[in-house]
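Order as written gives the chain letters A, B, C and D; numbering starts at 1 within each chain.
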């Protein structure tokens, strides 16, 4: 299956190749690894790989797969779900609110051309200002919010379209 | 509904009379009480009654209703379920293993007449000897285990029938 | 004790409200929780003897609502209010309103708070008491700011004159950034503290942040409970704190304690407070006094074998403070925050799908979290504090690394693995402490490759596990299906087994 | 340290195995867990760096299987074995087998253990060292027993000569009960310790149980870490322990410490051990030495700011013990057991459906439990130890009452509410301590009426709540549906969202 880590636009292509008792053989990209999984009473388990044992736990919720590996926590989404938000030539076709909050500043208008990394909107949440920037060069198709407005998690703040210069070439998405 | 606490053979007759918002009116036997229930994020809640607030939690499993009131934990069974094991004139028609363990001693034989409280069988579990006695006068109908045998939780160890002297009068069940 | 307190209202939320309730109960005090609509199912509400909704989620209308809180205290007959940290804890008008209602405020007197809570006035007191300060000026004016910066040289530090905790703090590296930074800082200061005044300081190159814990009573006694090193900060907010400060000479410690006591006496300080200093080589500079309990107070408690909230309550009851017993061992705290250390620490929210809490000898976890808890965007993202004690720093450090290894939290992005990697690092082991620690050693941190591999395997297992579905979990507390919904059916119980 | 240990095998299970693993990791030691088939999903297995199944559920074939455990240590290259308490911890042949395999045994030498572990030999050492003992005799013979009883008068106490922990202990009130009691005690002693020898003692009327913690190193140093009062016992097993012993005079404490040190030196004792005494008015009598870590060791750790497992490992590495720092404050521990205090403490089993763990300042919870854990009938019913520290006894007591109030465990009958009621009682507050405390004050204990009412309301709510159904929970670990079951379907994930 194809997964994407939340906050990271790279696709991870991974699958279970085989399993035998507690042993699982997995392909991640072009690498293979063999791990042992022992379930715990609490619903999680111990994953042994390469001489190390990790306590793991997992749950699915809506489109996301949440897992923890010791103290590290991860959110994955199947790439199909993530892809819905993407358009050719763009890292993301929409700028969405990473959490509920208040729109403090909108820094662009409809029709603006923006560069990768350029700040688009500032939101305030958890008493912090967070600036959301473009993940790749784009044209601002539609600003959907105004300053002072409160927004929910996942709300679309700005719609983007490919920049006019983009001739169909996939620009490498970059992590913010 | 009619409930019985595990380990206690008295029936509790209780029902919800009314509810209004967070307020619940309950009848227990011939008493009524009014309590407030506020759910917690963890699935439990706070029950406020008579000026005190109790953290409560509940879960059903098989025939049992498990609840906790602060550090106190309770197991209830609906009286119908508990009654299935009873026969007229007997507190219990079967002596069952309260936990998995090993039968150390069988102190009676088929046909024996036993008094309430008389030891019938000794089992060892959790490194402790536990003596199981008759809850009321009875006749030993059938001893189903032998010494040295290991038994599972709930296994029937001894079947009892009403003592020949019993003429249909319900003897008051007593707690062990 | 002069007066016997009977009922304490805790004017706060989250871990600190729960922590205060826990200690108040040790004395047999009854406790009253206040909560906003966003916190109705939160742990501090359940832990108190009584609880009252004081407003909607917005802090300005709930946890910052002085009138509502004082009214709640009166309604329940509370004879004392503990403000915790943040929110109203350093607002003299809250202390005053409490006093006006004949209720004991667990903290310093309003006038002392007013004098010390204001960075500018506090500097004046420090200078008068002979305590060194960092060069600085109070202004939000761009021209005055330019002038000051030219005088002391860039970089300079811009921060809120009111409040503390690093909020609204900004380093300005060059003149061109000055105006934007001033504006943003004033905006955040206004939002956070209702006070847009700005203070500008010379920015030290490699300072350590070291602070002294103070306790003062109504009888004129002031004592110090050693120091805490809080140098490890991100976005100017502390994330790892420890006591003692590694490598601090006995002489420096004595000097700083002496300075803190002088300051406290000069200000007529009572109850718990903290004098913060920057330390660079053999110099220390007074920064500010936090006229309240600090987030990081547990490291002091573990070394001194005391409970600072109990001490606060004793002082508020008219009790005397004694010279503390000699401290013992070492303690380190780290703050587990709802934030993404791989993406510039941006705040995270969500529902706790699973929580595993560390335990055992020398481990303390102060947290209001439970499975099912919502982390909302309304308040700061502190999920819990993990504190470890050891006979020495290495023992405390080893214990904390292991305790973080036992911790796991599913459903809310957090910094636990980041903290573990920092605390396990050679740089932290070697105590290369300065407020630039994160920038110097951990700015581009990413979770390790083997852990990502394990996570991918875990994700594949989870994807294929029908029991892993938690789609039924409520999205937020308002949507939570109440057990009441089913009550009408309870007679059907027999048929649903 | 003379030798640097690298890998420790923990030959135990449950809370103590987890607790030992936690401390071993502080030193960076790798850890190996052993487990029986009944414990495959238990917490100590997941916590270790490596783990190995050593046998079926029956302790005799797993946790008491010396050959399997030593073989496991060799297989994984462990250079040390920690036995915990119970199981093999006081079996000289295990210490010997470990030493024979060139592995360090974390405990005293086999010959010392043999001498002290045997109650009769230990008494001889005590008498020789001038330490007072309770009148007693080793015999399983009914005639000798009768003779002894006639000499000292009934009641008398019958116990296993090997092992400790109160197992197989019986008070015989009159001659008619003697024969049955002797038989049952011998049977249980054989089952528990593989040694049916019996010791009979004069039964004291109102004794307190007070013990002294000892640490000895390989260099001839022996130190004492104060005392613990463990008078509160049910079925001759401790359930509440504290330090310091309330009301114990400094003079008595000094005498008892002196006696314990004499004994330890006379026996050539090394590593951690405990000298147990009965105290009645101004007299104390040596009872036995427990040549291992005690269940109740945490109360000592909290007062002395030390970690006894770390100390054990330092000693096992050839390190020296130092005179401890002065103790501070007070600590109380209670043992949460799977048992029914309303029905003669009969053991309980079950699945943990929900677990709420207390936390915060001065609270320590040592437990291997998690939600979903099975409590099986195979081993003793200790679910966890809750330990609280306070500046004084009242503070520790208040904290422990509150911590028990925060605790809840659904699905396994336990004694938490019973412990809370005892610790909150006037009798405990007033420290009316003797080994008959339970019989005197809490024998007919029942849960309070208001709590039963609340439970009935909770049961009605639960009966009507569709989310409360946990019928899907596994009945036991063997039947547990593994996440593997779904793995074949993982490509269907998209359609199951």
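Points to keep in mind about this one:
By our rule, a residue touches a chain if its C-beta (ideal position, glycine included) is under 8 Å from a C-beta of that chain, and two chains touch if they have at least 3 such contacts.
Just so it is clear, the structure is predicted and the values come from calculations on it, not from any experiment.
Distances between chain centres, each the mean of the C-alpha atoms, put A farthest from chain B. Set against one another, B-C and A-C show the most C-beta pairs in contact at A-C. Annotation: 49 Å between the Cα-based centres of chain A and chain D.
As a whole-number value, the distance joining the C-alpha centres of chain B and chain D reads 30 Å. Of all residues in chain C, those touching 2 or more other chains are 356, 370, 406, 460-465, 467-469, 471, 483-484, 487, 490, 493, 497, listed in ascending order.
Across the assembly, chain A contributes residues 1, 16, 24, 37, 42-43, 45, 55, 58, 60, 62, 78 that each touch 2 or more other chains. By the touch rule above, chain C contacts chain B in their complex via residues 40-43, 45-46, 48-50, 352, 370-374, 477, 480, 482-484, 487, 490-491, 493-494, 497. The part of chain C that touches chain D in the complex is made up of residues 18-19, 22-23, 25-28, 47, 298, 301, 305-307, 309-310, 325, 328-329, 356-357, 359-367, 370, 389-391, 395, 398-399, 402, 406, 460-469, 471-472, 481, 483-490, 493, 496-497.
Chain A makes touch with chain C in their complex at residues 1, 3, 6-7, 12, 14-16, 24, 26, 28, 33, 35, 37, 42-45, 47, 49-50, 52, 54-62, 65-76, 78, 98-101, 104, 124-130, 153, 175-176.
Touching chain D in their complex are the following residues of chain A: 1, 16, 19, 22, 24, 37-43, 45-46, 53, 55, 58, 60, 62-63, 78, 80. Within the complex formed with chain A, the chain C residues making contact are 167, 184, 187-188, 191-192, 235, 338, 340, 342-344, 346-349, 351, 353-354, 356, 376-381, 404-414, 416-417, 419-420, 447, 450-465, 467-471, 473.
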